[in-house]
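Given below, in the form of structure tokens, are the structures.
Both of the next two complexes hold chain A, though its partner changes from chain B to chain C.
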Partner chain A sequence: MTRQAHLAAWAVGLAALVMLPFVYRDPYHLHILVLILIWSFAYTSWSMMGRFGLVSLGHGGFMGIGAYVTALLWNHLGLSPWVGIPVSMVAAGALALIVGYPCFRFRITGHYFVLVTLALSGIVLQVITATRDWTGGSLGYTPNRATGNKLWALQFDDKTTWYLVALAVWVVGLVVWHWIDRSMSRYALEAISEDEDAAAAAGVDVTAEKLKITLISALMTALAGAIYCQYQMFITPDTVSGIAVSLQMVFAAIVGGLFVSLGPTVGAIITILLAESLRIGFGTRAVGWDNLVYGVLLVLFIIFLPKGILGSLLERLKPQRKPSPSS
Partner chain B sequence: MLEVRGLVKRFGGFTAVNNVSFKVDQGEILGLIGPNGSGKSTIFNMLSGTLTPTAGSIVFAGTEIAGLAPHRIINRGIGRTFQIPRPFRRLTMFENVALAGYYGQGRHSRAKAEEAAERALAMVGLSTDRHANVDGLGAAGLKKLELAKALATGPKLLLADESLGGLDEAEMDQAADMLRKIRDDLGITIIWVEHIMGVLMRVVDRVMVLDHGEKISEGLPSAVASDVRVIEVYLGTDAETTQAAAAEARRRAGG
Partner chain C sequence: MQAFLDIFDIYLLEAVINGILLGGVLALLALGLNLIFGVIDVTWICYAELVMIGMYAMYFMVQYYGVSYFIAAPFTILLVALLGAALHYLVIAPLLTAPPINQLLATGGVLFVLQSFATVAFGIDFRNLGIRLPVLAFGDMNFSYARLLSFIAALVGMVAVYLFMTRTFTGTAIRAISQDRQIMALMGVDTKRIYIITSALGGALAGLAACLLVLQYDVHPFVGLSFGPITFLICVLGGLGNFIGGFIASFVFAEIISLGGLFSDLEWGYVLAFAFFIVMMFIRPAGLLARRR
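After this line comes the complex of A and B, so read on.
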């Protein structure tokens, strides 16, 4: 496809998505779509790092910070989410830099990096649970209902508005993904993911490049958490933070396809439909089954389809392009 | 343009480089030779910032660079190749070189980086096709790519690390001529680390010989080649043992 045709296809697809809630109003299905869009954004945020071999299990932490900081500022200080969300993003970004800098400076890579980020997830979850006087602990937390201006409180009653908000956020995620994909930073990060010394010998400031992508990824993930909180109006440590949420991101991104922009979105569609069908089909008997299925599927995908569903499909459709020799 | 004084590198109790001093003049090709483990690569890694010297100073173009991070040193104009080529296989050949052109030259503009990549690829005789894959390259091609990456960073001084290992004789001659051409056409000063003495001697202006981390000889190729100490430590040991073994064999056959 030429570049114009490509852009046209995106524009048509986007227009169709924008019009959808005006012609199709089933609230349950819209609800599922909103969830898919929000989680797609979160998974896309994760894959910003993941696609360059920076496997983080700390993103549950960033998402939790986004959700809880926004809600706490609203409830306790009456600070609008329009202010609270940027504050929560800055908080998550700061934490990302604090954890990332020593990791990157002292060359903590691969498994060791995964372990450090795993600890980050756990710590954020523990902090939320431990400060239960403020956060409600594991029982969860609800932002106060707005009494005045709904827009100021970023609380909407109708699904259509939420659908459009989620769609906008999702589009932002894709735009950032493409922006990075076409930047020189992608070259640098691909190089770093293969060989840090050789990348440095090409003049790349390895630490700075890794910090940049980590910061972008963390900011976006916090935004996902905040939007999720505003939409659901109820958060618990387990649904927006912790290792389970981090693992869910890894799973969805890998299943959908890490190296293509819509891969994480495909991953979100699969994971959310899977969770919903298990919930509807088996009810409370199936609590936790989705995690079991995720685990099994993750192993199968890493072995047989490491580029994910969308990644492998696109590759098959484009046989003339030599496969990129990724792991 | 480069002045190294009292360079020392210790790894724990082992001294890999011991008090080495040398100078490189603008436009010169300096050969750096020595047996395995003599400290050649360690010196290279200190010059390029991969290792921090235990002691000593490295002054490049008037400023001290010892202990600077590799990317800063590259951006000051010292490019390097690795002994074993280290291409980025996730990138195309062109992207490999454009990356170096961008990050190695102060990240000015993508267009400039791509120009630098085209020039560097053409210089070493590789295709400037934007979609060509690294996987198609053989040993000689990978060495060329390595060199193109270093050239794209716009070096004033090029550190070429054993760039001929794994090549046949024709390819070796080609590569040696390439280094000379880089010096003659682009005015880039070169330090060339090499095992293969013959080809090196033909191209370099001056040779420095290392043994056990110390400089044992330095001078014109012809003078160094006839230096007794050099013959002893670098060429001699093998020759002696071979001769001794041969003599032993003859004696046995005769007796």
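After this line comes the complex of A and C, so read on.
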């Protein structure tokens, strides 16, 4: 495909997505679509790092910070999410830098890095639970309903508005992805993921490059958490933070394929449809079953299809192209 | 004022000793994780979930079928050891040549499976053994008998592993493999067999920890999350695969949690431990006992 055709395809697809809620108004299906878009954005944020071999299980922590800081600022200080979301993103970014800097500076990679980030998401969960006087602990937390301006409070009643908000956020995620894809950082990070010492010897500032991508990823994940909180109007530590959420991100990204821009989105579509159909099929007995299926699929995917569904499909479609260096 | 100080000191001492007792069980978990990392070069993210399954096994045998605690314990250890071997055979073995991250994520998938299996099979109720061991009063200090027992059993378990590793041929082979993975296969050691044995041993340690933890804590499907992360922190701080480092780090962390819990909630003890961990990463990034290159 030529570049123009490529862009045209994207434009047509996007236009169709924007038009959708004005043609089709079933609230349940729109709700599912909003969830898919928000989680796609979160999974895309995770894959920003994941595709370069920086496997983080700390993103549950960033997402939790995004959701809780925004909601807490709104409830306790009356600060609009328009201010609260940037503040929460800065908080998540600061945490990412505090944890990331020693990790990258002292070459904590592979297992070590995963375990450190794993602990990070565990700790954020503990902090949210421990500060139960403010956050409601494990029982969850609800942002106060807006009395005045809905837009100021970023609370909308109709699904169409939320669909458009989620769509916009999702598009931002893809734009950032492509922006990184075309930047020099991409080559630097790919070199780092292949061989850190060689990359450093070739003049790549390993610590700075890794910190940059970690910061971008953490900021976006916090935004996803905040949007999720604004949309659902109810958050619990387990749905927006902790190890389970981190693993959910990893799972969806891997199922969809984390080396292609739409891979995490495909992952989100598959996992959310799977969870919803299990929920409808099993009713209340579904508690636990969705995660059971997730877990088994995750293991099977890693063993048999490590590039994910979309990644493997694209590879099958273009056999003449050389495999990408990141594979 | 003087009276206040006296009470304070007693509590402090009690917390310190409780920390040491807690450290025993943590050290057991760290040992199992380090063993598997050192030999197979894999981190079992789902390690704490194996413990959770073991705790359920204990609960059902003791509470449901009326088996005596000391008869149920060996069965639980055996069961979790088999689970460990199965985990290696089914999940890790096909991935041995895959990137290490994939192995780690696959065990993350197993974490999901075990957690949700427990949710589906046993429900999300908190269950406990119903055994209330007496509280040991020593001067003005109170110690739970269960903790003392756990500490001793954990020490015995660790000594047993030490003897196995140093006195038997298999143990020697395990230590040799952890030093050089390629050469040992050329020396005629069946690496596959050693990997399975190591995994079973790691599982057995998780099983022993389960028998001890079930005395002190309620079991529920997510109980693994309450001590899993801290075990990983301990292993990283001690240096992955470094047995002695893990042992020392266990007690350091246990003290932080115990003393942190003394002044505030238990969760804050964990938060404090994490803050300490971050600081330590700046100072000794390759683990407590790592030599400076």
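Keep in mind that, in the parts below, the second predicted complex is superposed on the first by the 324 of 327 C-alpha atoms of A that agree within 3 Å, B and C clash if a C-alpha of one lies under 4 Å from a C-alpha of the other, contacts with A are read in each partner's own complex, and residues count from 1 in each chain.
The criterion applied here is as follows: a residue touches a chain if its C-beta (ideal position, glycine included) is under 8 Å from a C-beta of that chain, and two chains touch if they have at least 3 such contacts.
Predicted model only: the values in this text are computed from it and were never measured.
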Quick one: on chain A, after the overlay, do chain B and chain C clash, or do they fit? Just give me the call.
fit
Quick one: classify A:Ala201 as touching chain B (first), chain C (second), both or neither.
first
Tell me which partner A:Met184 touches in the superposition: chain B (first), chain C (second), both or neither.
first
Between chain B (first) and chain C (second), which, if any, makes contact with A:Ile243: first, second, both or neither?
second
Residues of chain A touched by chain B versus by chain C: which partner has the larger set?
C
Between chain B (first) and chain C (second), which does A:Leu37 come into contact with in this model arrangement: first, second, both, or neither?
neither
Which partner does A:Asn291 reach: the first (chain B), the second (chain C), both, or neither?
second
Chain B to chain C: minimum CA distance in the overlay, Å?
6
Footprint intersection on chain A (chain B / chain C) at none
List the residues on chain B that touch chain A in their complex, please.
48-50, 69-71, 74-75, 80, 82, 86, 88-91, 95-96, 98-100, 102-105, 107, 110, 113, 133, 135, 149-150, 153
With touch defined as at the start, can you tell me which chain A residues reach chain C in the complex?
53, 55, 57, 98-99, 102-103, 105-108, 110-112, 114-116, 118-120, 122-123, 125-127, 129-130, 242-244, 247, 250-251, 254, 287-292, 294-299, 302-303, 306
Interface residues, chain A side, partner chain B - complex
184, 187-188, 190-191, 193-195, 197-206, 322, 324-326
What residues of chain C sit close enough to touch chain A in their complex?
37, 43, 45, 91, 94-95, 98-102, 104-106, 108-120, 124, 221, 225, 228-230, 232-233, 235-236, 240, 265, 267-268, 270-271, 274, 277-278, 281-282, 285-286
